[in-house]
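Input: structures, listed below.
In the two complexes below, subunit A is the common chain; its partner is subunit B in one and subunit C in the other.
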Partner chain A sequence: MRPPMRSLSIALASALALTACSSGGDAEETTTGAAACAPSSGPVTLTYTTWIPGIENVVKLWNDKNPNIQVKVQTGPNGNGGTYANFFNQLKAGNAPDLGHIEYDALPSFRVQDGLTNLADCAEVTAAKDQFVDWTWGQVSFGEQNAVYGIPQDTGPMGLFYRKDLFEKNNIPVPTTWEEYAAAAEKVKAAGGYITNFSQSDISQFAGLSWQAGGRWFANDGTKWTVNFSDEATTKVANYWQDLITKKLVSAVPPWTTEWDNAYNTGQAWTWVSAVWGANSIKSGAPDTSGKWAVAPMPQWTAGGTVAGNWGGSSTAVFKGSKHPYEAAKFVLWLNTSEEALTALNKEAQLYPATKTGAKLPALSEGVEFYGGQKIYDVFATASTQVSPDFVWGPTMTDTYATASDGFKAVVSGTGTLADALKTAQTKTVATLKSQSIPVAE
Partner chain B sequence: MKNVNRLAPTLVMGAATLYFLVPIWWLLVAASKSRGQFTNTAPLWFADFSLVDNLRELFAYRDGVFLRWMLNSVLYTGGAALLGTLLAAMCGYALAKYRFPGREAIFNVVLSGVLVPATALALPLFLIFSQFEATNTFWSVFLPSLVNPFGVYLARIYATASVPDELLEAARLDGSGEIRTFFTISTRLMFPALVTIFLFHFVAVWNNFLLPLIMLGEEKLFPVTLGLYSWNTQVNQIPELRMLVLTGALVSIVPLVIAFLILQRFWRNGLGSGAIK
Partner chain C sequence: MKGKWKALTFFILPFVLLFAAFYLAPILYAIKQSLYKVERKGTFGKATEVFGGLDQYQRVFTDGPFWESIGRVLLFGIVQVPVMLGLALIFALLLDSGLVKGRRFFRLAFFVPYAVPGVVAAIMWGFLYSPNLSPFTAVTSAVDLLDADLVLWSMANVVTWVYVGYNMLIIYSSLLAIPQEVYEAAKIDGAGAIRTAWSIKIPLVMPAIVLTTVFSIIGTLQLLAEPAVFRTFSSAVTSTYTPNLTVYSTSSIPNFNLAAAFSVVLALATCVLSFAFLKVTQRGGDK
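Now for the complex of A and B:
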């Protein structure tokens, strides 16, 4: 297993330039002993970099009970805001933290650059597989045998947030299929609103929608990557939203701006197909609409279907070069599976657990006042089990998101179509992969 | 005709003033609103005044980590600017007043340093500090911030022009050592230039965002710019942070405003006298 990995990493390092070689030597040595996942002798201090707010309160629970495995938290901006770049620099310099927070869509980029420790040697890790929702394990193992490159932490199963009061007042049935959703869009427009806002720069949301429809953007057969943003399912989703945009049935405010908050706060936008964490976004972004929202399952492509998409979520990975993979794995398993830690993570940062039992946490079984007392997490608990397990992210997602988002922005201002924008993004992604010496099948 | 001549510059200046002040005005107004009102009231005028609540929340959030960041920023920038100005002044003065082999070569090397942006140096510095296992420390940000080639350049030009050789000669004859001469006579003559260097340096360190971003992982060591940026990247997940980022941004410009108000008198002198020499 090792020699091919090494040659791959050297090929990639040449594209990375700088000092990868000089520091690579040390990292190799330290991982040789670590690969066996043996316990270290004596007390151990692990470093853990994450941007989860309030994480130190969660880690304190662990530190108080485990004097021999102390965890030191480091923090920073979110992954794409600079922390991923820092991880890569630290891997080059040979001083990466033991543990890092990596979102599912960024995990492959660390994998192809050989920055992660495979935890498949840790018996406790492989034994924990069944505790996690099936598709999350696919995200961290990339569908390979004997591969575990991170422990799933949180997920973003999707649902339909909608303005219950407005739908009832206007006698519009809550859509259960995408066809009904489009029909509802016409009625909402007639009532003076927009059914939703098309998030021009949230490509990961669009990925979630494609994921639900059966689109598969990337594949890796072990030697080569395949890139396809124009398969039948993705094109179906693209054409569907293109139609709503062309008919001006959706607004197109840039997401995560005050303007966007305002569209929800003032009742201009009536629904949002979003992930479980969106519950908090609406609550804080649209405080004046308290009690007026409800959550339904995501609309389906076939009537009576039960397929959900996922938007977001992250894993905790052990970096190459960590001297204590056994202790690191032990801590992460506690962090991402124990009821104590999951409850604390949910309380501090509204993380939605990736484990099967996590969905039954007391905090996730209660009615939520903002949503009229509805037990909204029941909807997401069901959705989480309906996410297809074989969606794979590419190794250059930041770049893919950027090019696709450029295209989508042009579309909402009237140039081109979503399907064309995706084709352009595909061409550019292939070019980026090649420029980084990552093998691509064409 | 005469009126037009006067009107045009006034208009241009007025427009420029407006252009620079509107964002600050917006920030002040935005920081004074509650979260709900922030999105649905006029962006350039006040709603209910909740600046005090926002401030209280800002300083209380996560055990007052924001205050810590402000203090760090003042230490990083104030400390580095003070020490860096001293270093630049000594270096520039030596280059201007002493003749020694390689003087021009050294000066040219320093001068070429002006052309290298701080951003380009951040990653190499990180790798160097990694070798010494000194990343994620106060010094990893403070030490690189001390260096200021532009200050050396300015100090040399100014020392050449404002410190007469005859005066140094006289000091030597009276038995003053070189170091004493530098601190008691030369620095006073160079004072306007030193203020300029200090301000430039202060702003440069304050704005050097990439270095702390790359070096630091310990939240307690963050300067305020990095801290606010981190919060801002989390606004999607925790929208409550938006008001803290806005209020924090308002508070964070206060030290800069104070530094400029106090020192602008000297700065104007420095720029003016530099221009005619």
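Now for the complex of A and C:
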């Protein structure tokens, strides 16, 4: 009788301990003050989860030189593809890694779930503020004083990737405005292609296009959120693309699929309004088109305008519960600001630095063979300075993206309009915020 | 007497412990989660979990897309389950009839798709359905197998492909358990192969068919891998296409409390349907 009883009581005791752990997490108060960013004594091992290809090689540079702060890399799928869901689960279970890769649009979601360590207590971090492109600091500090919830890593200033050979062959001028882009779309269609592929399930591209046009989807006045996906600028962008979809001037192959790569590789799609990291996507997805692409500035809403949008870009955040924020911050500052690391990140994954000096990296001033030797990063360096700094992301973007993409998918299948889909997404986002008790204006 | 209890505890305890740890505890935890809600102050306020009663359930019952998705999987099940089990039964009878040479080979061949992980099967079929990548472009360029009208049935095809062999094996093993005397008696009475199949084999394997139907009802309501994979390929599959996909999407917001409530309701609906089916078939048996 005894042995089984004992194991039963052990089981019960550990079950109780588990419950205690999970509720204990909630009770812990946020530690603030200098103590929150104190160095640990002795050697430290940090865990870092990211999906940057080739990150192991970059981290190795650090590990070789810092025996007392070793970084262990874990890789996974991209954020919305599963890693964010893992992070949320790990935070709930209390076993999140020390460091995580979080795109700017997802930072508010992690902050609202109380998942991030505020690094404002780390003197080295606050001192680094001026090294970063202004708008990126706005994204990680949410425009607040004494708040640094991540350290900017890369940005995604947008440009126009286009098939130089096909445009020249068909005598189509490279569009500089959206009006010219629509006109070019007709000519491309006549020549048997599509000017581009409308991204119906990755809404962050549409967000970048709206960002450029002056759309602002969220606002946070400190007491409540405002959600507005149907402001004038966003509606203008929605109607513009709706027109191209209705006229069947753009294809609607689901993005990031082999089918989509195929559309670019076989010359079915002629342009892509994308971010700087898109250079790598085309290169790996459409290898047969090497040397045929070029990059131009993003089309403008007013002739002669100089406004760019931003698509993507990431920060590296220290999760709540990390015991070594000081060492973590030290590593991230090296990773995201040192010339050595930024060059390696660019070499491995074409990341475009979020630092001001990053744009002048030697690696970014060379011609790129895939783009016929064009110095494509010059275009993005200019675009980077033209991104307006005040775009705010909402606190439940995973859900916003999912509902907007449900609507956009219906549109390309022939039901409804983009503008209506955005209105539905807005209503649902407000409902989601309410279900999480996040204050929101009706 | 004391020794008997000791032995009983010894043999039952491992099961009870594992059952409690991996079955009861998660269910109870999900139910508990579903009765809570979060409260916070300010736009980035820290969430505190408070008891919310049936708040989450109220959201579940007023969630249009969720009930639409239940309707969708029911429609799926009404068509797909009979087709799949019908095929499984025919294959099992054919294997059992002795008409087929290479019985061992076919038994294995039918079962192989079940050994393919569901996600891999879905990705493979997704490629076969893709308009431009499919090796059968003659078909896929004429009919879009991934559009809103057809994608549900394209998925039904994947599920059928995966599970026919599995269900066939259950029915087939039940056929093997029928005593030879019954067949001899039928033969003496002058029953041919088809008559034997219809009047003897099918009634005798009915319990196996009922069992596989219950499994299939449960599987249908919990469809996840196929729609989750097809969501990337097809514009017609939304983030709330099946009930389980809704649970998944809700938990990645993350809204664990609401996701738990969805799960509990889905589990209850599954229970009700399975038991209703059992009840109906058992009543038929009593007559």
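Methods note: the second predicted complex is superposed on the first by the 407 of 442 C-alpha atoms of A that agree within 3 Å, B and C clash if a C-alpha of one lies under 4 Å from a C-alpha of the other, contacts with A are read in each partner's own complex, and residues count from 1 in each chain.
The definition used in the following text is that a residue touches a chain if its C-beta (ideal position, glycine included) is under 8 Å from a C-beta of that chain, and two chains touch if they have at least 3 such contacts.
Note that the structure is predicted; figures quoted are calculated from it, not measured.
In the superposition on chain A, A:Gln74 contacts subunit B only, with no contact to subunit C. Which of subunit B and subunit C touches more residues of subunit A is settled by the count: it is C. In the superposed model, A:Trp51 lies in contact with subunit B only, and not with subunit C. When the two complexes are overlaid on their common chain A, residue A:Pro39 makes contact with neither subunit B nor subunit C. When the two complexes are overlaid on their common chain A, residue A:Asn262 makes contact with subunit B and with subunit C alike. Using the contact criterion defined above for the overlaid structures, shared-chain residue A:Gly367 touches neither subunit B nor subunit C, since it reaches no partner. Residue contacts after overlaying the shared chain place A:Gly222 against subunit C, while subunit B stays out of touching range. Look at A:Lys92: by the touch rule set out above, it reaches both subunit B and subunit C.
By the touch criterion defined above, A:Tyr84 lies against subunit C but remains apart from subunit B after alignment on the C-alpha atoms of chain A.
Contacts of A:Pro389 after superposition on the shared chain: neither subunit B nor subunit C is touched.
Counting contacts by the rule stated earlier, residues 85, 89, 92, 256, 258, 262, 266 of subunit A appear in both its interface with subunit B and its interface with subunit C.
Taken in their complex, subunit C has these residues touching subunit A: 5-6, 9-10, 13, 17, 20-21, 25, 37-40, 42-49, 59, 127, 130-133, 147-148, 231-240, 249, 251-256, 258. By the touch rule above, subunit A contacts subunit C in their complex via residues 1, 4, 7-8, 11, 15, 26, 30, 84-85, 88-89, 92, 108, 111-114, 142, 200-201, 220-225, 252, 254, 256-259, 262-263, 266, 395-396, 398-399, 402-403, 405-406, 409-410, 412-413, 415, 432, 435-439.
Residue ranges of subunit A in contact with subunit B, taken from their complex: 18-19, 23, 47, 49, 51, 53-54, 74-78, 80-82, 85-86, 89-90, 92-95, 97, 256, 258, 261-262, 265-266, 277, 280-281, 284-285, 287-288, 349-350. Residue ranges on subunit B touching subunit A, taken from their complex, read 35-36, 38-40, 62, 123, 126-127, 130-131, 133, 135-136, 213-214, 216-219, 226, 229-230, 232-240.
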